[in-house]
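Structure, as structure tokens:
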Amino acid sequence: MTAHDGEALEQVRHHAQRLLANIPSQPSALRVRDGDVALDLEWQTDGNGARPIESPAPGTSDPPPDSGTTAYLTAPTVGVFYRAPEPGATPFVAENDVVSVGQQVGIVEVMKLMVPVEAEAAGRIVKVLKDDGEQVEYGDQLFALEGADAE
Amino acid sequence: MRGETALRKVLIANRGEIAMRVARACRELGIATVAVYSTEDRDSAVVSYADEAVHIGPAPAKRSYLNIPAIAEAALRTGVDAVHPGYGFLSEDPDFAEVCRDNGIGYIGPAPEVIARLGDKTAARQLMAEVGLPMLPGSVEPLQSVHEARNLADEIGYPVIIKAAAGGGGRGMCIVGESADFADAYTRTRSQAQLLFGDPRVFVERYLTSARHVEVQVLADGMGRAIHLGERDCSVQRRQQKLLEESPAPLLPPELTDRMGAAAVRGAVAAGYLGAGTFEFLLGPDHEFYFMEVNCRIQVEHPVTEMVTSVDLVQEQLRIAAGQPMTLRQEDIVRRGAAIECRINAEDPDRDFAPAPGVLEEFWPPAGPFVRIDTHAFPGYRIPTSYDSLLAKLLVWAPTRPEALRRMDRALAEFRVSGPGVRTTIGFLREVISDPRFAAAEHDTSIVERLIQQRQVKEDSNVAAT
Amino acid sequence: MRGETALRKVLIANRGEIAMRVARACRELGIATVAVYSTEDRDSAVVSYADEAVHIGPAPAKRSYLNIPAIAEAALRTGVDAVHPGYGFLSEDPDFAEVCRDNGIGYIGPAPEVIARLGDKTAARQLMAEVGLPMLPGSVEPLQSVHEARNLADEIGYPVIIKAAAGGGGRGMCIVGESADFADAYTRTRSQAQLLFGDPRVFVERYLTSARHVEVQVLADGMGRAIHLGERDCSVQRRQQKLLEESPAPLLPPELTDRMGAAAVRGAVAAGYLGAGTFEFLLGPDHEFYFMEVNCRIQVEHPVTEMVTSVDLVQEQLRIAAGQPMTLRQEDIVRRGAAIECRINAEDPDRDFAPAPGVLEEFWPPAGPFVRIDTHAFPGYRIPTSYDSLLAKLLVWAPTRPEALRRMDRALAEFRVSGPGVRTTIGFLREVISDPRFAAAEHDTSIVERLIQQRQVKEDSNVAAT
Amino acid sequence: MTAHDGEALEQVRHHAQRLLANIPSQPSALRVRDGDVALDLEWQTDGNGARPIESPAPGTSDPPPDSGTTAYLTAPTVGVFYRAPEPGATPFVAENDVVSVGQQVGIVEVMKLMVPVEAEAAGRIVKVLKDDGEQVEYGDQLFALEGADAE
């Protein structure tokens, strides 16, 4: 148990506090571990539950936005991307829709967990980049957004 | 994973040098590989080395290398036969092993029940005590009250150590020097255990003041066959972090290490162990040894054993996981010479071993006869800040320990690592191997603290002199 | 060098990877080192590695690494106890060994008289025939006339080979297929021998059309003790240049290699040999072996033997040169598993293996389990144009030859070398080890020419297809 | 005998011819070898004998001339540098002397061989950089020369 012990308990606590401060909805469970440093948070994933908002990853393997005003909504986990709450239903969003921060725009299913995709930025959807049912990896671009941040 | 006769594709649920180690073993066995990586590791060596790679999450380990659903999803999507957990991260998490099993993914390691049982200090102690492994005087069952606990401690004699049943890696433990201090320490350790592990159970045992950390490598095929591959001495530690490991453990009579090996094999069979595992023992100055815990995974220091036995432990893991009966017998294990491993960490020994990462402008490991390097670093590599600071493992072999120490010193001196902000443990490791007490194998687990104090004394007197 | 019990300082009269190899062995034994270097090598690895360095001449080897007075002067000036000649350059020059002796400088190798005698093909053949080493049917004494020579050739049966007595390394020899061609070839080889070696003497022997090159490593302490360390198969050659060597020689019965080893030991004792040396044999498809020559030096491919025997041959050279009696006995030499060496040369296999030097923008050798690298190159190194094109030796070990081949393939695939104009043999070596006949060990010394022809055929058909 | 055999006989001959073309005085012996490539030339070293003039080394470990007109006469071999033909005798050259190409300016003794140092360039000696009896390595600067090349 000695290989990955570099981070001390203080750090874990500190991270827990920071993480909690950034989470809009109250988790249903919080567990701090120290064996190889874990920090578990759980939510009721009833489809409406929030998921933790992470600050955008410092960089992904995808190309940077090609224009100053284009942003991307990305996959919050590896999994299968769904545009609608269930087969045959109306997609959460379509091209030209205007989305606001926190609005659900899709689902990524990972090991039967339905992880909602929520807009991390507001704007108008100019392109849907992944099809319904398509496999995605973490950070894959799902929607291209044009800035409506000022509204 | 039982019943198969070969693995075709393996997912490596880890990063760093061990991910490269597993990928190399797979390639040598003709097994395709899938790497998983966090955003911070997207330019890592294993991502380009593996046949496929899946981006499983952002830098924080919780959302990538500890993210069971993401890794399981990657494994199912890529159609691997099995997952290799490496060390650290999910390597001893029974939940992960169980998720793999439930989804028909092979797990390269023991069954989840075995991991769970051996991961619980109390359960492991009970099992090992039953098959006759020597225990430090103390409680086998968790203690029920402070009264019971202090009576036991008084009976054992001080110093004693109070340990969390769910603990490990040096956390959740407290050394008590005399009876008067016991009650406070007991209450404090229980609260800490509850906070750290969600489990307040503790037990008490004799504390050895001048002990060595000696562990035994085992391989078991889950069909009742288990062998040991000798011991490793890991006494050079700083706050439970190993810095240097060696085999054989110096100055131990073969009769003793044979007995330790036999004890480990007995324990492995009793636990229904499968794969590569390690039995950790504390060894007193009187050469009495005591069972500590079982590590249900390949260890950082496994190459030390590979160099003295010529057995490729990771290949053996893969063969066993493929359900192949183990062809190695105990009598095939011939140990030759002495091997030493030094962990080259990106840490600053002058600043309390604080991580000192950065971009490696220069990274040129030593080479030549009887030298081995395991690393994921390369010139231009940016050391990530989210994970441990292990940069490379440097190993040497020689017919005798003194020759191995001289070879290690020449190899450490050859190692060139530099970059803005980058500091390493290379210089400190040279101090360790040139320490007269270490060279004479008279050291114990206090060696690193002693050397750090010597450095500080030297520094202070240098400051005073100027 | 006899009578001393330890060397304190050694001059390395060589360059490239072997200079690094010797410097490392010295450092491990606590021996100070002096490098000598030509202008072109002034930024070489060994110049910064050694404790001292002397600039002995300009780039051309004749005025630097073959410059006996300059090297002797450097040795005397720096007060070394002995000189290590490495391989090539002055390593088998009896004059150099004699100059060292005359000036009280130790020479790490046999006495000048022994080098001279074994360097003369005729004298060596005579001596080895006397102690019962098997010879190819042919002349032991140099031939006196074309008449005598042709009679002998007719008697032996064609094809025969005419060899210069003073020759070596594939120069000054001629294969004759039938009696009618003999006289011309005889006259031509004599003239060539006169021109090349200043010595027109030639002899004739049977030419084996499908032979393997198998050599035996010996160590002798000059006090009558000699041992062998098994054989190496060096059949993968291109124009007498070895590209790949391995031990054991595949598919040979141990009884045969034992006999070859015993023959080499007998020869070493008869010659009064001291230090590390190699007995080269040709091995016919019928498993009959024939003495070829003795190499009075450490060889490029010595690490192959080090990996299967765990003996450090360069350290043994240094111990023997210090006059220490050899503690290794024949029964201590336990050979395990299989080792392979690939020579990574800066040559272009697509342009007839022409040297393809340049600056190494990228140079990242493989690592991991059971892999060894010996190199003088590093990122940013400028490959000199004045010397041979050997850039690195890559070795692997495994329990069996098929496993070693797979490991070598993964290691070759990891090797990253690039720079403007730089080409290497890495890709070609991967073709060699994946060749079905090589993998089955059914190859002989013609393997490289065959593979080159296959490449050309493939290229031609590619060109035709486009 | 396989390690250093890359250079073929043709190359040796070619070098021999080039070398001979650059040597002002006839050597007393010439031997071409091929085992590890040798090319021996011998002269009568009676103190007046010439030594082969090599084109200047492509670079040495010494710093480059610090002015455009300063050249250096360098040691032709490792050895002991002598400024005079014998102990007590007048030095071959002194500061401010003007030397011409091929003029002997010193001796380097290597293993009892006296190798004459001859000026590879003409000019005025502005500084003597090594003392009589000092150990030198190949390429060490012995004399600094200021250009009188035009004369």
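All chains are identified by letter, namely A, B, C and D, in their written order; residue positions are counted from 1 within each chain.
By our rule, contacts are C-beta pairs under 8 Å (C-beta built on N, C-alpha and C of every residue); 3 or more make two chains touch, one makes a residue touch a chain.
Note that the structure is predicted; figures quoted are calculated from it, not measured.
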{"item": "Whole-Å separation of chain centres (CA-atom averages), chain B against chain D", "value": "62"}
{"item": "Chain A and chain D: spacing of chain centres that average the CA atoms, whole Å", "value": "75"}
{"item": "Distance between chain centroids, defined by C-alpha means - chain B, chain C (Å)", "value": "43"}
{"item": "Geometric centre distance via CA averages, chain B-chain A, whole Å", "value": "34"}
{"item": "Graph class of chain-chain contacts, one of line, ring, star, complete, other", "value": "line"}
{"item": "All chain pairs that touch each other", "value": "A-B, B-C, C-D"}
{"item": "Touch list for chain C against partner chain D, complex", "value": "39-40, 42, 54-64, 66-70, 72-74, 76-77, 87-90, 92-93, 99, 103, 166, 168-172, 195-198, 237, 240-242, 293, 295, 299-300, 355, 387-390"}
{"item": "Residue ranges of chain B in contact with chain C within the complex", "value": "20-21, 24-25, 27-30, 49, 303, 306, 310, 312, 314, 336-337, 364-365, 367-375, 378-379, 397-399, 403, 406-407, 410, 413-414"}
{"item": "Touch list for chain A against partner chain B, complex", "value": "1-6, 9, 15, 31-40, 54, 57-61, 77-79, 110-111, 113, 135, 137-140"}
